[in-house]
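Residue numbering begins at 1 within each chain, and the chains themselves are lettered A, B, C and D in the order written.
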Amino acid sequence: LAGVLAQPGGRYQIGTPLTEQEVQRWNIRPSILPDGRGLPPGQGTVDEGERVYNAQCLGCHGANGQGGVFNRLVGEPFPVTKDVDSVDFVIGNYWQYPTTLFDYIRRAMPLQAPGTLSDNEVYALVAYLLYQNGVIDGSEPMNAQTLPKVQMPARAILELDPTTQKRFPWLRLP
Amino acid sequence: AGAFVKLSGGLAQGGEKFSEKAFEPMRFLGAELREYGERSEFEKGVVRYISPNLRTRHSGANFTPLDKLDGVITPSSLHFERHHGGVPTIDPAEHRLVIHGMVERPLIFTLADLKRLPSVTRTLFIECAGNGQNGYRNPPDMTLTATRSRGLVSNSSWTGVPLAILLKEAGVKEGARWLIPEGADAAAYTRSLPLEKAMEDVLVAYAQNGEALRPEQGYPLRLVVPGWEGSIMVKWLRRIQVTDMPVMAKDETSEYTDTMADGKVHAFTWIMEPQSIITYPSGLQQIQRGFHEIRGLAWSGHGRIVRVEISLDGGATWRRASLEPSPDPLSVVRFKLGWVWDGKETIIMSRAWDEKGNTQPTQEEFFARWARNNRYHYNAIQAWRIGADGKVVNGDKTLSASLAPRRLGAVGMGGCGGES
Amino acid sequence: AGAFVKLSGGLAQGGEKFSEKAFEPMRFLGAELREYGERSEFEKGVVRYISPNLRTRHSGANFTPLDKLDGVITPSSLHFERHHGGVPTIDPAEHRLVIHGMVERPLIFTLADLKRLPSVTRTLFIECAGNGQNGYRNPPDMTLTATRSRGLVSNSSWTGVPLAILLKEAGVKEGARWLIPEGADAAAYTRSLPLEKAMEDVLVAYAQNGEALRPEQGYPLRLVVPGWEGSIMVKWLRRIQVTDMPVMAKDETSEYTDTMADGKVHAFTWIMEPQSIITYPSGLQQIQRGFHEIRGLAWSGHGRIVRVEISLDGGATWRRASLEPSPDPLSVVRFKLGWVWDGKETIIMSRAWDEKGNTQPTQEEFFARWARNNRYHYNAIQAWRIGADGKVVNGDKTLSASLAPRRLGAVGMGGCGGES
Amino acid sequence: LAGVLAQPGGRYQIGTPLTEQEVQRWNIRPSILPDGRGLPPGQGTVDEGERVYNAQCLGCHGANGQGGVFNRLVGEPFPVTKDVDSVDFVIGNYWQYPTTLFDYIRRAMPLQAPGTLSDNEVYALVAYLLYQNGVIDGSEPMNAQTLPKVQMPARAILELDPTTQKRFPWLRLP
């Protein structure tokens, strides 16, 4: 843009380099990719999840995730059809990637105190919510190995928007 | 809602052509010079619409009052809001933007750093993917206004640094395809954005309509992704991770995905389809016989609006409206058509065409493709019915029960249409 | 004034690249949805400049803070003000516009009437004829900022009805040549405007940047006379008299007339000549070595700005800046030039050229034509000097005593330059 | 603009006609043209003007119009040269049309109570200020006949801006 006047190296030399450690310090709520990259050490079970849920989530999302002041998190049926009201789009019938649950709960919940759950608590909540939705049988604890392998029923009906596909032919949904 | 707004009323009450009150302002010195101006006390009723049905104002949306505005710039105080954890208060001296992940050198930028770099100013619409959600009601909502029909759109002059420049400074590594921008709000809102789009025209904006971004619009930094759904334009931008894979965040999987009539769910419906809305005369306004300029707004994420047609007979025939010159292909454009109302019941509608040949569907056409429980990207033609008494109401047809829902989407408790 | 503003500062105090404070906003819910937004508390210092020398704030001017804004739209709260009897408070329901004099049928319009008629939206600058008045000081004022140098200009998107339409409704009589518009302020401000110009492109504006006019800008109605001096664009418009003769009002005879070097006084100097001002880096800012985008604003009442040149060596050589696309030929345009500052003292300047081939004079050229006690239409090139310490100050030369004044114009007690 | 759709008569039929009497009621501070059109009946003398001035104007414009908190109104020399500070541009050396004085004082002064002077008071103030500036000898009262005939010294140096002349070749200053 500034052609002739740019700095040595063809760059503007603006912005300060960070060490990998500084990046980690900045990245307080890391993103979890669908293949599990970003998942922390630790783990949690359905039972542990139930205790955390009842203490920290039930007030807003209702007993057993059936909905309260805010969204219900648990429900049937699958697949969603055009007759299912969108308030009944929940983890079991609509969420397509198990990693999204960990990513979202850790970054954004509980609403009024985000960032306060331990990694173990988040794993436990994910286990509990997947179990309540009938997605897992709860026999294994949730951790960086087990979580990405969970098959979400709603993945089967997810497709890329055709206009987007035309614009980005290389694009594939994970 | 419910009260009709007499917009074309004539003279003072009691048949007088003017009143002594008109001379009052001339008798006394007015207000002094001020450092920062405010609007007239008589305009205090022009506000964003906040639905009384909201369960919280910490996560939700409000609507730009399209039916009370003129021209094409949205005053920043009236730009629609949408957020998931409230509007954070950010000290710009403490705020930083970090670019990391698949880059040669992770970089941290202060605001001052960003403002030294080459800048771009563009007039661009931002539209919530949930705009139009009130169109899902069947039978149609007879209290609908232009604001509640399409007010999840706003149009501003944005200034910022091209994201491409920052990525080049950091040096994107081979194999990188995606960016994951993150906000500094309570929800640490994230999305996925193809690197390719970022290299084309995405801005890291720090100014809106000449001044610093407004807090609701991401102060001090936000993404502006021309033509794409508003929810991807991450606000309070603090971090961009360069990756080879999208993150599939909550707000691009469980929200902002479209349910289709064939039972599928569409992800990444980024480009906003053509829209238009007649703002005058529109729902709950009240007009009189005689000449009126019909006015409205049109826009498309695919490119420049090249034609807007208006029907004065419920869609049987269409005539071409005139378009104000547009400052940018991806700006909202104002359309106009002179018209004499003869006092008979009339159904008026508009439909926009963009330079790629896209236009708006009828309601039936829309629901033939999208499921009736979809929440996003509704862009069907909106009709207004002018009664013989000059009152204007929603003119959309009632659809057959099998096609459209009785109560869905925004009207229920989910979605971002701003009414739940 | 006096303090240098560190605009290109790098990292947090104490050498840390970021502080824990940057994480604070993410820990708590932010502000709720609101009906009407406000700017960030951290931006409260961005205000119009009001000179401490003013004898009254009921008649005077303040300045748009050009050196703190981006893009080309002036936020309405920061549009410069100029009035002669304070800003009246007008109830729009009581306000009327009357057209009378040499017309077939005198007419009275309500606001609702005007809004039914065909509308036009244009992005246009408004500049006070007194803009630049601080350039009359000799030796140059070393505390000058871009704001105080050229901040009596603002740029908005105006919507209104073409005055030609109203005149045709009233039916102008044979022999009419002039219009005398009058304001509903305490001063009942009037001017003379040729009918010919009115028939071309003058607007009776009711909206500014999308919403109703601001009180300071004439709420609810003002004239917008594209490209002409701001003082002719009568605000709070209540009456237009059609005549065969100009009124020679106080503000087109005793004020807003130019004194010339040849001893004559020029009346009706309506068209604003080309102007440009570098806003970054500019007076009282502080920069660091390395890359900067030099930015500024240019405009001309004669038509589109086609070229802006920047000198980095005190006027010896000039290079072409790039121009942002302009929404309208008579809009302010943003110019930009990438530049690496090597830490040596540097004098930078800009000059604009319009489509008619007009450009800006040097100070010497200006004072060869205009008298040194003139108060209006100063558009000489403004220079900024960047010291080796990165501090930026007025770079104008000291002129020989016979050419330019020691203390004149705005600096004295008369005129509308906003400093007296 | 709205071509085919315009109303009968080619007009929009918007706006309400006023009677000449209604126009008069609206026109509370009529404009005075340089040829005297618009001047009301009535008259005033220098002495009367002095009394009104001292009561209503002196506080702001100083004794004898020599300037105070606000602008001076009276002064020398004529013609103004480039060495005359613009604060010394006053009625005697800079105002070019006598009618402007009547028009302006009636519409805008006194600053805090405009529109309160009677026509006779305005004529008297005009007489007083012209006399103080040495423009008239004060032998005749000011009225609709005498005022437009006053020759202002500064009219001799007033010219039309050349750019404006080019744009509007028909334009002549009164």
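Here is the rule we use: contacts are C-beta pairs under 8 Å (C-beta built on N, C-alpha and C of every residue); 3 or more make two chains touch, one makes a residue touch a chain.
Just so it is clear, the structure is predicted and the values come from calculations on it, not from any experiment.
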Tell me, which chains sit next to both subunit A and subunit D? B, C
Could you grab the centroid distance between subunit B and subunit C? Build each centroid from C-alpha atoms only and quote it in angstrom. 30
Roughly how far is subunit A from subunit B, centre to centre by C-alpha average, rounded to an integer in Å? 27
Centre-of-Cα separation between subunit D and subunit B, whole angstrom: 51
Among the residues of subunit C, pick out those that touch two or more other chains and give their numbers. 10-11, 17-18, 26-29, 56, 58, 85, 96, 108, 113, 116-118, 186, 188, 290-291, 293, 338
What are the residues of subunit A that contact at least two other chains? 1-2, 12, 14, 16, 18, 22, 26, 29, 111, 114-115
Which label fits the chain touch graph of this model best, line, ring, star, complete or other? other
Determine which chains touch and list them pairwise. A-B, A-C, B-C, B-D, C-D
Using the touch rule from the top, collect the residues of subunit C that touch subunit D in their complex. 55-56, 58-59, 84-85, 96, 98-100, 105-109, 113, 116-118, 162, 165-166, 168-170, 177, 180, 182, 186-190, 194, 196, 239, 241, 243, 245-250, 253-254, 257-259, 261, 263-271, 371-375, 407-409, 412-415
Subunit D to subunit B touching residues, read off their complex: 1-3, 5-7, 12-14, 16, 18, 22, 26, 28-29, 111-115
Residues of subunit A that touch subunit B when the two form their complex: 1-2, 11-12, 14-20, 22-23, 26-27, 29, 31-35, 37, 69-71, 79-87, 89, 91, 94-97, 99-100, 103-104, 107-108, 111, 114-115, 154, 157-164, 167-168, 170-171, 173-174
Subunit C - residues contacting subunit A, complex: 10-11, 17-18, 23, 26-29, 290-291, 293, 337-340
Note which residues of subunit B are touching subunit C in the complex, please. 6-12, 17-19, 21-22, 24-43, 46-48, 50, 54, 56-58, 60-62, 69-79, 81, 83, 85-96, 108, 110, 112-113, 115-121, 123, 157-159, 184-186, 188, 206-207, 209-212, 214-216, 219-220, 236, 238, 280, 290-293, 295, 324-325, 327-328, 334, 336, 338
